[in-house]
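Chain lettering (A, B, C and D) follows the sequence in which the chains are written, and residue indices restart at 1 in each chain.
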């Protein structure tokens, strides 16, 4: 079965979640990965969206973090101040997914600006929940497509800290921190280590034993495609 | 129509409430007075109980501040932390009724201990909501029966501050602060100023023009008695 | 993830001598059965926490289970004093009882801070009262306005115990009516026990309900009537006569002791 | 006590040039109609506050109504950038836009502090980020543990504007579904406007609902569809196609301007 790089990325990220995880989910790739995990090997994984829905079980992939179906299928809906104080800050959520425009070798992320803060070349949406997700969950999982412009030696702006980043799943492979520096530990099928090096804006550390990610199974791909085909229009 | 001193006290206190008041109510005499006001001249007075019920409209006089009927008839029920932070502390409640075991000439109240704090002669229930009610509402109304043991020159313990006490309604009369000192401004029918002096543990200041409280009307008494006859057993 | 167990097993597993234990409830849903189980299991040296300690705390104190009480209003609502509480404070009977006394606003902020894993709760409070000299409060200064505010140390009980109307078979809990400070109690505590009126197949959403997911609770026990003599909205009414009767039962040490022997110690665990 | 008025009258009466205005909503119940009324009445020099400024804030900014934005995430959810917001920040078009940027956790704590009339909100946050150097945050030290915590200045907008499903004839308001930070917005603001889908004789209690009593609200306006293109739980769905279309409408200054003339400026006030 053929599959795209984005599909491999979603599957590889989903595999990191277990039935014991309580997971803070943003929209986009993280939501795809978390919902895929729930439909395959981790049906009891608890999804928490920052809009206040705890234990949401959406039938469709939500387009926004505040979709009505998240509230309808949640175990509990709480206010946004309560979500950030009693649930995120209190350390009740073990995994947080983050995306970003830039990442540095230490897993620090930028989702604020490209260029100077006061007069940016590109004003990005900003950090949202990221600054405190990055310091409140036990394990941060980062998902972003690997390019030299995204994987940079030095961020234009540090939106969130990298200390709790445990894995970065890209469309090319998998990076994990080794002594604090993101190190290539896996490549997706058909990707060479040099491809990943070329897509990285710093001199990439590579583990001695780079795994090749198992390709998506038929079950995973079918679940992923059925999930994406029912994204709300 | 004859009436008791306690009935006069409840009626005199109820008369202080208006349709524009939002009133923080405790159990006992204050609850009687506030519910009486709602059933006579101030039907739109909003009752707030510290259990979290906002706009409660009990059909019976509640026996505790957490009676189920308060929740059933409230406009909104909020958590106790929210009640104290968003509603009381934020100054949304204009009138607070307080009782106490002791009051001093400045309206400071004691509901904590008689005797020494560490080894009291009488351990009272304690302040509950009083310390912050006394400093968060615009107007504190105090209700307590007037005796030399309750009206004391010096409190055994200051549970709440007197600065916002606007009136003290007793079974004998009405006191209001004049230059910070509680001063007799009214006596209930049949009570002499000297009776009130004798029931006060300090040298009582008396206004030049002491009013005589209008006796309870037939309407007031009927409403009060119907309210009290349906106190839950 | 909540285990569904008997109340006796939950207490045996999760509560230990010397623990700080909060049994919360604001008139409604007071976990009386759980309090009785603490007494039956002979737990002692407890620090008991509650905004409004009432009859069940009077019983725990009178039976000598408590070393310390953290509270803001200790009385028999609508009736008067708690005689066992008074006897402990006034005469050290059956044992001395240390007090950490707060206002309701302070306790509520302290529970909320505990639930948010903050070291203190922030409020305007206690100011100008004698409480300040007798309790644990501090001050912080607003870095923007310079205003001095009151800080109360967060409440972080070892065990939080509440009673709710329902749980589902996974251990998700729902309570409704006056919900007080119960959510904060569970979230602020290291371990938690919830007794419930009934375990149902599915929690039907209710107006005004608080839902606590199973994964923040350690143990759920089905204990019908577990809040009596307080009430459970939708299940049974408050036994106001019992509260009035407690005044005379508790006034005398011997009457109290024999009542406890007959009604609590001799009772079968739930 | 809430007056029941038209949205146009509510805005005319309660919102003034130069005000700090928060129109809140977390994907759900976004007060789009009220935002359009601000534009139609030509309000300007506003400080706009919102955790998640989206299309309606893009419109306000693109029309030059705002002097400053206080926010934590400014984007078109599920689509991408807000082009008018970007144009204002990147090119001062149509006017410079000052930013006060926070995290969601900081904004939420700041609204809660405003609702509680505290001068600052307390959290663990911002630490180790470049936000600290570009926004208003401070620190306080816990008097019990010595821990240094983050303080964010309380949000106290001049006007808070939200959209809800229902009000009754007295002006009591009920909203349900994802209720976000709307209660705090109303309670933190000096004045408040609530647009509602419908005014009903009696508010029927609903699971998960927030009820705001009439006496904390200044004006209630009946505006069916007032949250479109966002959604109103139980009334209508989110118009996801419009959010996608906004990307191209807003990308070009002229296309944007003519769309606004046709769909907002030319529209009849609710």
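Simple rule for what comes next: a contact is a pair of C-beta atoms (placed from the backbone, for glycine too) under 8 Å apart; a residue touches a chain by one contact, two chains touch by 3 or more.
On a predicted model such as this, the values are computed, not experimentally measured, just so you know.
The greatest centre-to-centre distance from chain A, using averaged C-alpha positions, is reached by B. The distance from the centre of chain A to the centre of chain D, each centre being the mean of the chain's C-alpha atoms, comes to 28 Å.
Separation between the centroids of chain B and chain D, computed from CA atoms only, is 41 Å.
Residue positions of chain A touching 2 or more other chains, listed in rising order: 85, 89. With touch defined as above, residues shared between interfaces to two or more other chains in chain D number as follows: 112, 117-118, 123-124, 183-184, 208. If you check each pair of chains against the touch rule, the ones that pass are A-C, A-D, B-C, B-D, C-D. By the touch criterion given at the top, residues 22, 46, 54-55, 75-76, 85-86, 89-92 of chain A touch chain C in their complex. Of all residues in chain C, those touching chain B in their complex are 26-28, 51-52, 71-75, 77-78, 81-82, 85-86, 89-90, 101, 103-106, 108-109, 111-112, 123-131, 134, 177-181, 183-184, 208, 210, 231, 233, 237-238, 240-241. For chain B in complex with chain C, the residues that touch the partner chain are 27-28, 50-53, 63-68, 70-71, 77, 79-81, 83-85, 88-89, 112, 117, 119-132, 135-136, 157-161, 232-233.
Contact residues on chain D toward chain C in their complex (touch as defined above): 117-120, 122-124, 136, 138-145, 147, 149, 151, 153, 205-209. Taken in their complex, chain C has these residues touching chain A: 112, 115-118, 172, 183-184, 187, 211-213, 215-216.
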